[in-house]
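Should a chain be cited, it is by its letter among A, B and C, assigned in written order, with residues numbered from 1 in that chain.
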Amino acid sequence: TDGKLVIADREGNWEFQPIGRVMWDAIDTDEDDSGAEDFHGTELRRARLGFEGSIYDWGYKFEADFATGGNSGSDSEVSIKDAFISYGNKFNDLAYDVKLGQSHIAYGLNTKISSKYMTFMDRPWFADSTVSPARESGAVFSLAEKDYRWLVSAGLTNGEIEGGSTDSNGSTFSARASFVPYMQDKNHLIQVGLGYLTKGGGDDFRFRQRLVSHKDATRHLDTSTFEIDGADAYTVDAMGVFGSFHAMAEYNDFTAERTAGSDVDITGYAVEAGYFLTGESLKWKKGFTSGISPNSSAGAWQIAARFETLEIDDSANSDEADKWTVGLNYYPTKNTRLMLNYDKVTDLKVDGSSVNYEPSALKFRAQAYW
Amino acid sequence: TDGKLVIADREGNWEFQPIGRVMWDAIDTDEDDSGAEDFHGTELRRARLGFEGSIYDWGYKFEADFATGGNSGSDSEVSIKDAFISYGNKFNDLAYDVKLGQSHIAYGLNTKISSKYMTFMDRPWFADSTVSPARESGAVFSLAEKDYRWLVSAGLTNGEIEGGSTDSNGSTFSARASFVPYMQDKNHLIQVGLGYLTKGGGDDFRFRQRLVSHKDATRHLDTSTFEIDGADAYTVDAMGVFGSFHAMAEYNDFTAERTAGSDVDITGYAVEAGYFLTGESLKWKKGFTSGISPNSSAGAWQIAARFETLEIDDSANSDEADKWTVGLNYYPTKNTRLMLNYDKVTDLKVDGSSVNYEPSALKFRAQAYW
Amino acid sequence: TDGKLVIADREGNWEFQPIGRVMWDAIDTDEDDSGAEDFHGTELRRARLGFEGSIYDWGYKFEADFATGGNSGSDSEVSIKDAFISYGNKFNDLAYDVKLGQSHIAYGLNTKISSKYMTFMDRPWFADSTVSPARESGAVFSLAEKDYRWLVSAGLTNGEIEGGSTDSNGSTFSARASFVPYMQDKNHLIQVGLGYLTKGGGDDFRFRQRLVSHKDATRHLDTSTFEIDGADAYTVDAMGVFGSFHAMAEYNDFTAERTAGSDVDITGYAVEAGYFLTGESLKWKKGFTSGISPNSSAGAWQIAARFETLEIDDSANSDEADKWTVGLNYYPTKNTRLMLNYDKVTDLKVDGSSVNYEPSALKFRAQAYW
């Protein structure tokens, strides 16, 4: 009702909500001496439309992204994000729900925090990638104490929908538990989390990641493509909110069992801290973060910094990188945000040897959601 | 207002409605000894967003499907479903309307029943195919007695919109009439229908159909592609609702005049019956079926069975198949449904000779619409 | 509230609006003796869905077009139209706003008038093309007297979003000023406008245009593709509304500095006049035109005619054409319109020499918007 539209009946038996987000970026990358071409331009990073609603205990959500574009050259294509039917209810003091369709699997913290709310313009390298997958098609179950002091969830899924369907040979089992050992109030709390993921074999695997922006010409961090007999991963995370200050850390370890050859281990972590100059607090909601409301009509200002590292441990093919990101966020209203990020790689090894270039990028985003 | 959102003014002069549907399937096919690969996976079968509205006697509807995917490999593409401007009014006790744009042509029963309401997860083989086309671009006119005891409609159309437009060499003329000879009340009635379709020549024609699911690897029922000088088709259908029980039957006969060679005749029929264990009745509305409202908050349960057969009569190339489908439907609320279907081919001839495989599939669907 | 849906709070602090349009055309072209194939068929010319909203002084808009289709052959693709975040406010008697993202640049009259409101089914040849670009990605600033008696705007943009982003080597600077020297009331006024555009070099340039419809098989007006060192353009326009009569004229001159070779000059103008037989007036709004409301429930009728010419002045490659368009528009309600257009080329030179064919087209459109 303040910037978002929710239509509901008086008894709360049903509700219906158009949803969407627009994120427009201006990006200026400096590839340093890597030989790859710099990017100077603009990008429609996310442009999503959808609907969600519920009737009694049953709900649904569908959202498509029109910004994917990719290789088509002239016109954008569309990718499916959430598309599920859900059932949720309460049992004593416990809230549970089941989602059937494509939704976030039960794994990760940075991966599951919505792009609407994340502190920086791009997630850490490991998040929302093949080593910490975001959405897959299948069933996901959650159980939580009624005020989400603890939350456990598990999913059995069959990969991400591509070309309308999934037919992975191996299914993915994911599980996540989070716990709030300390909560003075909603603005002073600590949460710790754990995730585990295992997937079956028979499919191809590849991890690759751009270093400093979504438009990097080259992905220096890159395993080759290989068939796997299976893979396991775990993640450990913690977040704390102390008034206007917040900190968040996550460590992710993914091991792919290559069908022909030795295992490939991909490990990464990211540590971030942020501070609202105007007195607001990061909003913790149901185990993740949510949108803030500025205290004054002049809007809210936040500064933040993040350090991250990622290592691909493969006999011949090892890559490794460190990066600093600093950010300045301005929230004019509850559902709009302007972001300025500077990303700088401080150490880079490609294919086992250190290289003499350290790419960086200056990035600006204007975003709105509803 | 119960699960659907319609916004209207008090005098009923205009209304506006966001519309959509999500259908998510889990499919497990058994190709038996056909040599084709089984499919084990999930599919986003339909994912549609759109709007419809009216102002005084003029209306419009636009709905796009984001689930088509097809060959693109990585991201879904979008196909246009309804896209029309309409004018409707009453004259004495008669209701009439004209649609300009892409809409359902005036042909068929199974083809025209919405996927939101159909009894099984997939339509019969003949329905919604080149032998009983669904939507085409052009003009469609309807005239009905005010409570739809009889309904006649006719369309002149130019094929389905592909790549934004149509330019078929031959136009399609379609006509349908339905009549309710017996109606005790809305839950006890019999309707019979007749359809006729003729299309001009100069375009290519092909009919092919998957046997047991939307993800079958092979389409065993398949004419080749050939140019036609024209085609004619007719359909005869009947449906009856008797309290919690319903039955429906349709026979479709399509004859393609091959430019070079003899005519190809494609005939098929399907007979289905269903029963609500929880006392609801199939909802008859304006000559077709619509959504049911569960009697209790525990939802509605329905069992159903269908037998169908299809025959391609072509000199060298004849195919023939019989199939049984049994289904169990659970309607938690008015606009959600879970479906379980088992399809089993019981007789199959390919290219004129019987084969020793009888494909089957177990299919599950979760659907919501608004 | 009459055909459009706007949801807002009582204090006017925020609002939210689903938006869209459907335009369905039936087209019959006569290529005369050009050798190209005539088009007889239907087209979904525009099919757009989106949302726009505002909260306090901040706004956003996103709209995608599902009708582009293009080469894909079977299914439509999607193109991004408006996608921006905006800030707008008043300062004394001045209204200003800034848009970040993809929006209309500050150039042109015919190009900027919405397809929902334009008098004819197709814009003049120069409008909404590479010589008078419509939307680009960047920042656009506007400043106006509070009742838009004068309006100045300027944009710095980086090309149109293709495949999700832009990375033009040269940026575009655009500027437009309009002024109303005479206004008796909203239905009796004259406005004059001026536009200037300059873009940097390093990118490829091509102008080509269909003559009589959106489905012409050939684009007889066509520069080749060549790299430019930059380009400049200016436009002069005027419009007048005198009760039921309106007239509009625009002249556009675009000069491309070819990297290798002499400059290419593309000039065009269009003059149109229209008259409402039923007494309505063209609606002038904020420097452009908007939708009309029929005086009676029987709808509004308008007749209109346009003459236009375009010339490509290139040493070896000059093209030149003149065309008349006559149109009949019927507005059943405020947000629907039926259009009948006849386009006839009266003079045509291709590659420097007059040709003996004069293509024409008869076109019908049914449109609705919300």
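For this structure, a couple of remarks:
As a working rule, a contact is a pair of C-beta atoms (placed from the backbone, for glycine too) under 8 Å apart; a residue touches a chain by one contact, two chains touch by 3 or more.
These numbers were taken from a predicted model, which means no experiment stands behind them.
Copies chain A and chain B of the same sequence differ in orientation by 120 degrees, per CA superposition (steps of 5).
Of all residue numbers used where chain B meets chain C, under half belong to both copies. The two sides are thus made of different residues. Chain B and chain C have CA centres that are 39 Å apart.
Residue positions 18, 49, 68, 70, 77-78 of chain A are each in touch with at least two other chains. Interface of chain B with chain C (complex): residues 7, 9, 14, 16, 18, 49-51, 53, 55-60, 62, 64, 68, 70, 77-80, 83-85, 87, 100-102, 137-138, 158-159, 161-168. Chain B contributes residues 1-3, 5, 18, 20, 22, 24, 26, 39-44, 47, 49, 66-78, 215, 297, 332-336, 366-368, 370 to its touches with chain A in the complex.
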